[in-house]
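Following this message is one structure expressed as structure tokens.
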Amino acid sequence: MNMRLDTVYETGEGLASSDQIDALFAKVSQRHDARRRLVSVVLRGSVYAGAALTAVVLAFLVGYILIKGVPYLTPSLFEWKYNSTNVSLMPALINTVLMALVSLLLAVPFGVGSAIYLVEYAKRGSKFVQLVRTTTETLQGIPSIIYGLFGLLFFVTALGWGLSLFSGACTLAIMILPVVMRTSEEALLAVPDSYREGGFGLGAGRLRTVFRCVLPSAIPGILGGVILGLGRIVGEVAALLFTAGTIAQIPNFGASGLMALFDSARTLAVHMYVLASEGLYINQTYATAVVLLALVVLLNLAATFAAKKMNKGHKDD
Amino acid sequence: MTNATLTKAAPTTESLTTASPMKAKAKEIDYKPDVKKSARASSSLGADSNKPVTVKMGVYDLDLYYKDFQALNKINLEFPENQVTALIGPSGCGKSTLLKSLNRMNDLIEGCRIEGEITLDGADARKTIDVNSLRRRVGMVFQQPNPFPMSVYDNIAFGPRTHGIKSRSDLDEVVERSLRDAAIWDELKDRLKKNALGLSGGQQQRLCIARALAVRPEVLLMDEATSALDPISTAKIEELVGELKTRYTVIMVTHNMLQALRVSDKTAFFLLGEMVETGVTDDIFTNPQDSRTADYVAGRFG
Amino acid sequence: MANHALKEGFARILFLAAAGVSILAVALICVFLFANGVPAIAQIGLPDFIFGTTWRPANDVYGIFPMIVGSIYVTAGAIVVGVPVGLLCAIFLSRFASKGIARILKPGVELLAGIPSVVYGFFGLIVMVPFIRAHTPGNGLSLLAASILLGIMILPTIITVAQSALDAVPQKYYEGALALGANHERATFRILVPAATSGIMAGIVLGVGRAIGETMAVIMVAGNQPVIPESLFGGVRTMTANIVIEMGYAADLHRGALIATGVVLFVFVLLITMIFNAMKKRSEAR
């Protein structure tokens, strides 16, 4: 046995001695080993199962839609005009692009401008900044159906824009505003202060410094936010049903110019919802789902690319 | 039991030196140059209490690589039972790396490769002992206090629970014993249910020592355990280490040479991944054999 | 010089105005929603509206209690399905996965997050509903189908938030546990997961927010009967579904009642957002 001098330790009345505790450990440890191994195996197994289940669900979902949909990606599905024989998704696809363009045109200037104000101008933690933060977080949590209701009440009815591409785009713009704003803010915050000092050091004003020195290196980050917003626009249905309507035509810009923005227009996701709920064109619905999935994958790739670009940009500093 | 009076009077350890039985014995050890041979001898003598000293852990011809970089080069070193061994040397010399090899914490580092032999009670620590029981027997206290974000009680009880002690009364005993052994019971007995992160840095570190003691280790590794602490906390822990060695084998890495001098019985000096010199602490500091050791302990580099 | 100062001042005001847009948006949403919804609630009577169990627009009876219960049931079901799987997957990605597997699975989870809810709904309608119909009483359009589908849909939210919470736990806790002889599983489940609790909870709350607000996928698989479901296999209508299904043709008080449903949903979501923010503050305070 080792030398053991209990007297030098703080002692406690009636407390088990060290040797007693050693004995307890020796007794329990042996018995416990097998149990511990079993618990580990079970835990490890469930962790792997959780991951596997996620992967299987994803693979099954994507695989099923691809297998069912790809064979029906026929040329007739991409004809310019929609009718009930070809069930063409082309007008809806073009409407999606238009919708995305108009929404982004509205959301990005406000989102980025707002981020610039918060990062470059405002005093951190002022009442105004806190209010902007709170409202942005609130906006981020609002479900799209509420946006749809609001769009219906405000743009469609109160402003009298009717069920139109523009009503829809305005609704979506508010919906993606917080996303664009938050990512732009993060991107601006990630720009090192030395860039700003560089600008001011050359005697440039704040405005010039922001646009010449800060904004350029924040662009990949801002782009990441824009892509996230795009993803929501592409997949959105609930916010558009009662704001942009379900007409399967491209607005006629040739005849009515910009006023065509006030025509009703269904996007691809709305198109798919209509097809699915009619239940008459299941195969074409699959094919439409494939196109939607392809758009999402493209956007995800673009987002990854932007994120890489951004990380690289700052690693060079 | 020996109760020899110390020859070396360390300022902060005045009160406990009288209770330290090993100092005189440490002086008797003759470190033979042929470590390999002495290792074999000692492992066969493991249970013989008549021998002056037992080798608790040993490191033989140890090479350690991080990918292509060789961090340790042919290290041979023995850690005598119930003594404090200090590993000293400038930053990056490999002393922490060696310490972490002893309880295989280096396994966590990707690309880390070890060749050579590490023994615990003469058994090969890497081959014959399961890594979890090795870490139970060879406890560790880290440079930064790292109590878990939970109550003081649960911090201490985590280890015993891990090793199968479930009953509340047993756990109560172990927790109190450990806190008393770490000389922090009186400070914490009314705060057992409080979150450990609310303690001061020094208290956190002693809590971590108590936590390490709670799994009944045989060896205690301390990786610059006082470097993040204030002088008073440091003194308390040094005092504690002096007491702990009556029961445990302590191996400490320190940057503080005075600490090594105050606390340790044996010292090993490392430089650039090699062990330059080892011996009784007083000898290393007063009569170093190697000029590099002499330079270091004289404060010429570090 | 004066010109320069003018430009700077003008830009400042422009950026300030942009920052004000989100405040304006929230204010407008509140005003329009409440102005159109509250009168209807007043006319129906708040207790009758909230706790009325009959929804029969033809007779001007508007009780949304079944829809409130429906939303809560469906959300709870989604939590039961999604949280365990999502949490385990997050633990896997954070502490078990090799770099190669994580590099494949992580974009997969992101893809799962990006898939539009109509696609989920369609998948549920075509694959899950017939399966449930074949193995249970009822026609398959059910609380069960909605719960499973929503459970899948909130997976990426929970995985992403929980993983970043787990990744943020300092490595020193893990090392401390290992140094006491705990194995990888025990250190992960007994130390890391508890240390990440507040972040994980935030992920769950975010998932709840997504589940309760989800509309299109639920409509397609839930059956949408405006009654409190008797079993897992019965149909259920959520507040979101109530709005979408009837808004197209509603008028007068019926329309007001639908908007008022939106008000109730809005209040629910505000509560969830507040809980989420409180949790985030607490986890940041750590």
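In order of appearance the chains are A, B and C, and numbering begins at 1 in each one.
The rule we apply is simple: contacts are C-beta pairs under 8 Å (C-beta built on N, C-alpha and C of every residue); 3 or more make two chains touch, one makes a residue touch a chain.
Predicted model, so just to flag it, every value in this text is computed and none were measured.
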Which chain has its C-alpha centroid farthest away from the centroid of subunit A? B
What are the two chains with the most C-beta pairs touching? A-C
Centre distance in Å when subunit B and subunit C are each reduced to the mean of their C-alpha atoms: 52
Subunit A and subunit C, separation of their C-alpha mean positions in angstrom: 14
Identify all positions of subunit A at which a residue touches two or more other chains, and write them in rising order. 36
Could you pull out the residues of subunit C that touch at least 2 other chains? 183, 186
Junction residues of subunit B, two or more chains touched: 133, 162-163, 215
Which of the residues in subunit A end up touching subunit C in this complex? 36, 39-40, 43-44, 46-51, 53-55, 57-58, 61-62, 64-65, 109-114, 116-118, 120-122, 128, 131-132, 135-150, 152-154, 158, 174, 177-178, 181, 205-207, 231, 234-238, 241-242, 269, 272-273, 276-277, 282, 285, 289, 292-293, 296-297, 299-300, 303-304
Parts of subunit B lying in touch with subunit A, wherever the complex brings them together: 1, 16, 19, 21, 49, 81-82, 133, 160, 162-165, 170, 173-174, 176-177, 180-181, 183, 185-186, 215-216, 243, 246-247
Touching subunit A in the complex, subunit C uses residues 4, 7-8, 11-12, 14-23, 25-26, 28-29, 32-33, 36, 84-89, 91-93, 96-97, 105, 107-112, 114-123, 125-127, 152, 155, 159, 183-186, 188-189, 209, 212-216, 220, 240, 243-244, 247-248, 259, 262, 265-266, 269-270, 272-273, 276-277
Subunit B touches which residues of subunit A in the complex? 1-5, 7-12, 15-16, 18, 21-22, 24-25, 28-29, 31-33, 35-36
With touch defined as at the start, can you tell me which subunit C residues reach subunit B in the complex? 170, 172-173, 175-183, 186, 190-191, 194-195, 286
